[in-house]
Amino acid sequence: MPGIRIDKNYCKGCELCVHACPMQIISMSKEINLKGYFYAQVHEPTKCIGCRICAITCPDVAIRVQNHGTQFSLFAY
Amino acid sequence: MPGIRIDKNYCKGCELCVHACPMQIISMSKEINLKGYFYAQVHEPTKCIGCRICAITCPDVAIRVQNHGTQFSLFAY
Amino acid sequence: MAYQANTVFTRPASLSETITHYCPGCTHGIIHRLVAESLDELGLRERAVGVAPVGCSVLIYNYFNCDFLEAPHGRAPALATGFKRIRPDMIVFTYQGDGDLASIGMGEIVHAANRGEKFTTIFVNNAIYGMTGGQMAPTTMPGQRTTTSPAGRDVDLAGYPIRMAELLSTLRTPAYVARTSVHTPMHAVQAKQAIKKAFRLQKENRCFSLVEVLSTCPTNWGIAPSDATRWLAENMLPYYPLGVFKDPEREEATS
Amino acid sequence: MAYQANTVFTRPASLSETITHYCPGCTHGIIHRLVAESLDELGLRERAVGVAPVGCSVLIYNYFNCDFLEAPHGRAPALATGFKRIRPDMIVFTYQGDGDLASIGMGEIVHAANRGEKFTTIFVNNAIYGMTGGQMAPTTMPGQRTTTSPAGRDVDLAGYPIRMAELLSTLRTPAYVARTSVHTPMHAVQAKQAIKKAFRLQKENRCFSLVEVLSTCPTNWGIAPSDATRWLAENMLPYYPLGVFKDPEREEATS
Amino acid sequence: MTGQIEVVFAGFGGQGVMTAGQLLAYTAMDEGKQVAWIPSYGPEMRGGTANCTVVVSEHRIGSPIINNPGAACVFNRPSLDKFGELIRPGGLLLINSSLIDVKSGRDDVTELLVPVNDIAIRAGNPKAANMVMLAAFVAMTDIVSFDALEKMFREKLGSKKKELLEVNLKAFAEGRMLAEKEKAGGKA
Amino acid sequence: MTGQIEVVFAGFGGQGVMTAGQLLAYTAMDEGKQVAWIPSYGPEMRGGTANCTVVVSEHRIGSPIINNPGAACVFNRPSLDKFGELIRPGGLLLINSSLIDVKSGRDDVTELLVPVNDIAIRAGNPKAANMVMLAAFVAMTDIVSFDALEKMFREKLGSKKKELLEVNLKAFAEGRMLAEKEKAGGKA
Amino acid sequence: MAKKLMKGNEAIGEAAICAGALNYFAYPITPQSEVAEYLCWRLPEVGGTFVQAESEVAVGNMLFGAAASGKRVFTTSSSPGISLMQEAISYIAGAQLPVVFVNIMRGGPGLGGILPAQSDYFQAVKAGGHGDYHLIVLAPSSVQEAVDLMILAFDLADKYRNPVMLIGDGMIGQMMEAVEFPEEHRKPNDPTGSDWALTGAKNRKARITKSLFLDPVMLEENSFLLAEKYKTIKKNEIRFEKYKVTDKNRILIMAYGTMARICQTAIDELEQEGISVGLFRPVSLYPFPEQDIFTESTRKNIEKVLVVEMSVGQMIEDIERCLKGQREIDFYGRTGGIVPTPNEVKDKVRQMLGIKK
Amino acid sequence: MAKKLMKGNEAIGEAAICAGALNYFAYPITPQSEVAEYLCWRLPEVGGTFVQAESEVAVGNMLFGAAASGKRVFTTSSSPGISLMQEAISYIAGAQLPVVFVNIMRGGPGLGGILPAQSDYFQAVKAGGHGDYHLIVLAPSSVQEAVDLMILAFDLADKYRNPVMLIGDGMIGQMMEAVEFPEEHRKPNDPTGSDWALTGAKNRKARITKSLFLDPVMLEENSFLLAEKYKTIKKNEIRFEKYKVTDKNRILIMAYGTMARICQTAIDELEQEGISVGLFRPVSLYPFPEQDIFTESTRKNIEKVLVVEMSVGQMIEDIERCLKGQREIDFYGRTGGIVPTPNEVKDKVRQMLGIKK
């Protein structure tokens, strides 16, 4: 099952991933992290297709993506 | 009658005018000027067609050209 | 999870763990990652020396796991030249903003490129002086408001934005020169390809290489990060066409 | 003489009577005259301010009957900018060699051109540093011997000569940019036309204008003046095509 | 007031501490006092904490560097940690209790807890927290007159939207009220 | 020689005065003496006059700036005008009489007229005038030995063309001869 | 004119306008970018010229060209930017043109930091460029004084046709204080009658503004001419301020700029402890008040002289020179953006006098 | 090795090679272009690097980058060119990198002239760039000494990781004298074991060469570290030469570089007139031989101290500082390319002593 992990302490709450996710499954938390930012979180993790778009767009490299080598991916990276 | 005047003290003896004159009427003097250069002189003044090529090529603006307004000239200048 | 998952995206080894000082949504961070991934994938980290500019990315050395030099404003290409000439076996790159490279550092970048110095320049064009608080850059768009052009850049007084990739491509000395962007993930992927190629050419000791990357500055543009990516697409892309402008491998320019 | 003759060629009024310090056959002198004639013919001498470079033509102010400023090496365009911005009613021109303009002064000329400063630059490209004794310039031809490239310019180490007219023409800001030569009288006549047009455009307050003029340096090339003109034709012309590269009046480029 | 008062406004960037300080400085100047507003600029500027010091004096102001300010208005925890210690004995410490859940632990200064964020939200503009704090500080110290402060406020910040002005003035009044109550109540 | 000798070679640029001085300096150094060769570089360099001073000494050389040289070899009129006056009383002045038709007018120096251009042309190389002068100077002063000078000449300048070398050595010999005749003749 | 609360940087910009100096060329650098951000809209309002240059090298040279017009011209920058102007400054001094430079100093060397410092004293006062020349150097200690000295700077620049540099630490630029500007703005210079400005060779011989003198006799003449000018400047333009300097002083503090104000507070507080300390503040750093420093330092009760700088010690060399060994000199300095506090100064004074707190 | 007659400029280039400094970056400028003209063919012979840069600004920064490699690197230039390097020099000092700069000084200010001068003393010794830093400054007085000090310069640069500047007037560059080079060439540095050179982050943490310390505490620390280093340098590296300094001296002359040799001749000639004069020649201008100058100048028979410079007076300020008022100081200077002759120095000495010729 594909999935992402957002390290909330790297996140600066820029929301770029929220806009980028094709599955629209990322949203902003109501809580703040150590630096005082509302951080991103995945609200429907099961829908994740592991496309890595969120990770590619995250300026703070806060997102890690797991997937299966055999699975569909939007593009080689 | 067209003709040129070479101010020998401006002349540095570069010989560019010698090569440029279409009528081949400029040559180098055997004497030196104040600065120690062998200067250019016109050896057949009557052949001058007043084309101004020598003057245009002289880096030291040593040459003045006289002519008649109505006379043939190689190009407008 | 019942079955083993592979990590298909994670922090590149060339990037340190340090949290950057960049503003939220600033795409400097993306570009850092692309450089780091390229170093990783080409196996260059251990012989890489970066040259930091003066600009928002002055602290870039805190974010990389490779050696770094910090240059005076605009002079990174001169430092890179000095270092690379002595250590041609190392991989040298400069990372420079538009104020740094296109304004004060114009002479240094043109001449390094023209001498064909065998280093790589990552040129981050965000159309503004980020670090000093949003003054006009040579790359600022016509009409764009900045703290030193509060009524918008007046092309009659300040001229038009300079297109560095085009300018450098007039030089006869072989080089790789491309312009890319990171305002969408797709563009970031393409930018990565260009950056990686630039480093590969250096690895092969081929030529000078420069990748211009269009980048956002939400803070000084005064808009939200996602609006900034849109602003870039709408305002900068038409004036700064993407593509490869010069390629020693004679690929066609795709601008 | 029985009938009245007209003087059809004489020293222009803008030129002083002083004998220049240039070497015999150095075409700096021709270019001086073309500038002086242009000032005369456009009636600009009394409101002209020239900016001298550092180079063989540093003493140009001794040879002109107009006001002059002497700039640090390469910075003439900055001085011209400063002056002209304050006195837009004056006619300002810089006269610069290739070391001055294309090497140390690269940043200043690119930015002055890009801001569209309304002055005129006469750029004398003789492919060498004349004044300091014949060192390699950025415009030195591949293989050309100079005192700092005694085995000839090695393009692998020093890159290829920079073509300033082409480089400046990539800038979007309107400008007049042309390359001419003075190695034959006919070329000198064409150069004159370009120089005069450059000044006319300034007089009309139109744009920045730059005329590159290919010139000889018999002394440092180590050949006789007339051989130097031939060397220029054979070696420089093919690499530095003549023509108009940018013209606010939209004339076709004739390169 | 008499002599010289120095007050530090300190918080996160974006909490409006600089503006609060400036408004105080403007008002004090208008009332004929000597003033200096000294920002901290520097590495901490971006993202981190921000602070400014306002010196108000009857006399020519000497050092703009204040070892131990007479008062501090702290908007967040790091600011409390830093300036809580520095205040002069007998000084005044205003703590934003909306975000800070501790006190300085000092018994030689007057401490006042002001939930400036809560009050501002209540008043209708979460961004007016700085004004709540400023009002409370002025009420505590009488460093400037309230009329003058309000006038300056209208002049410098009130020009934008009518309704916003009202909301801000409300925040202002609430801050003042709280402090005056406190003062009257007389808790040390 | 004893003590210190300073000699100026002065003429037009292109007359080879710098080379003449260098050749002397090389030779003197080879003979174990202290030497300094000091060029005049500067505005007069291009087109105008050129000169260099050679100091040859038994001891460490102090000032490379010589107020009043002990000797001068002048190749043209302006050089005579300049250096004719400066030579120390009792000094030596060699004048290129091919180009200079006057003397210094001084009676406290030894003056020698050497038609160096004529001699050089006669020897077959108009460009060897500087060698004629150098030879004459060395002959007059014995500042270095002739053998050493000739050896150095072959080493530094003789490498190019065989026939040219011969011609130059001939010019050299003529200069020497003239000076030695003069010395023997003993005219003050 | 009513008092205005203004940031030093903006006040400096406005002061130039008051002085009729409407031509500003600059490149952004912290901590003085507000000058450009202020003048970029303010100058057009008054018909002035604002040019954001491509670099500080260009700024220096734009000023060189601009000054030749006879109008008042200036720039502001900070330490690294000023280093880049050294060649141009040397040329401007050699060509005798009036230009006003403002250096809002930050910590160095190199990129250093962006906080206040006084570590460019040597560069400003001894001349960072090549050749025999000097700038007139003025050091304000408050925003009001920055305004006043800025106006003076233009007057002196014109009077002596010499570049003038105003140096202030970052605090002078960043601090807001109440300032008053002169009621009347000066009119911009009219170079029409000038005998040196470049106005076009109409009905007169062509003029040349230059620093090249290939003939050493003429170059030396130019240098001696400059030297004469500096002598006159030394005679006429020495400025300083004394604070609580009396015959009771046991210690005399030497400090300039903001540092001097900090010392004032320390002196006030030491006075309350019964320790008499005076302050001598050079306002003109060049010309340096050499004689007055000697005189004041050798008052009979003064045991030691304390130099306090935001540097590891630069002005102290000039103080040493002036004192001719007549008093022991001690130093207290912080640098790199750290500003000595009044407490630190007090501690230093007590330590010098062997007084325990 | 046999003696060679060589132009100073070429000898300086060859000396660098002897020192194992094979990396040269430069931009042409009279009167030192011969260094580049020599090294452009000589360095490739020994496997070195020669880069003709586009400007002196670039040169300074190429050296900055090059020095980070741990190899020996250097440039040569002349006055205006050195002014353009001030920013880079400040950075190099701040980042503590070893670089050798040679300034063959010409007349200034501005474009000035191309003849010898010593008017960049302030720039070299007091630091022309911004911030608290110093160069080690060495001043040779002969071609041989230029060679020796050039080699020393590299050693000191490496030892202290500090930029070193060799300053000589134009004559040092243009004059030919006999020189001897050391038999053995130094091997180029091997940075493999270095703890600061940038060699790639292999099996070690990444290294950063920088001058930025945004935290003022760390920036101050860096400055204090530098200050400590300068103290050590002052302790270890003072160099000077005395000539005929005896207790009989009525006058002590202070001069450096070529100027000192000219004074030597004057002193010899004055001796013949029965006037005893000594010469103190600082060889290291930074660190300045402060204590020795004081000691030698205060010998009992010395009536006055005479400072002679090819400038309108720069080193004199340091002499004044060192003498602490103990001796009257007089000055003789020519500038702009005019070199004081022994006669002029003699006249000056006689005049100081009230002796008619």
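By written order: A, B, C, D, E, F, G and H. Residues from 1 in each chain.
The definition used in the following text is that a residue touches a chain if its C-beta (ideal position, glycine included) is under 8 Å from a C-beta of that chain, and two chains touch if they have at least 3 such contacts.
Computed from a predicted structure; not experimentally measured.
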Item to check | Contact-graph distance - origin subunit B, target subunit C | outcome: 2
Checklist outcome for this item: Set C-H beside C-G; more C-beta pairs touch across C-H
Next on the checklist: How many angstrom lie between the centres of subunit A and subunit C, each centre taken as the mean Cα position?
Outcome noted: 25
Checklist outcome for this item: Rounded to the nearest Å, the gap between Cα centres of subunit A and subunit G is 54
Checklist entry - Approximately how many whole Å separate the CA-defined centres of subunit D and subunit G? => result 40
Checklist entry - Centre to centre, by mean C-alpha position, how many angstrom separate subunit B and subunit G? => result 60
Checklist outcome for this item: subunit C residues touching 2+ other chains are 23, 58, 70, 72, 103-104, 106-107, 111, 115, 138, 158
Next on the checklist: Which positions in subunit H are in touch with at least two other chains?
Outcome noted: 30, 54-55, 57, 80, 87, 91, 95, 110-111, 113-115, 210-212, 214-216, 337
Item to check | Sites on subunit A at which at least two other chains make contact | outcome: 35
Checklist outcome for this item: In the complex, the residues of subunit D that touch subunit B are 1, 3, 5-11, 15, 19-20, 22-30, 33, 184-186, 188-189, 192, 218, 224-226, 229
Next on the checklist: Can you tell me which positions in subunit H touch subunit D when the two form their complex?
Outcome noted: 27-30, 33, 36-37, 40-41, 52, 54-57, 80, 110-111
Checklist entry - For subunit A, which residues are in contact with subunit C within the complex? => result 1-3, 9-10, 12-16, 18-20, 35, 37, 50, 52-53, 55-61, 63-69, 73, 75, 77
Next on the checklist: Considering only the defined contacts, which subunit G positions touch subunit D in the complex?
Outcome noted: 23, 25, 49, 51, 53-55, 57-69, 71, 73, 87-88, 91, 95, 198-202, 206-212
Item to check | Touch list for subunit C against partner subunit H, complex | outcome: 16, 45-49, 51-52, 58-59, 61, 64-72, 75, 78-87, 90, 107-108, 111, 115
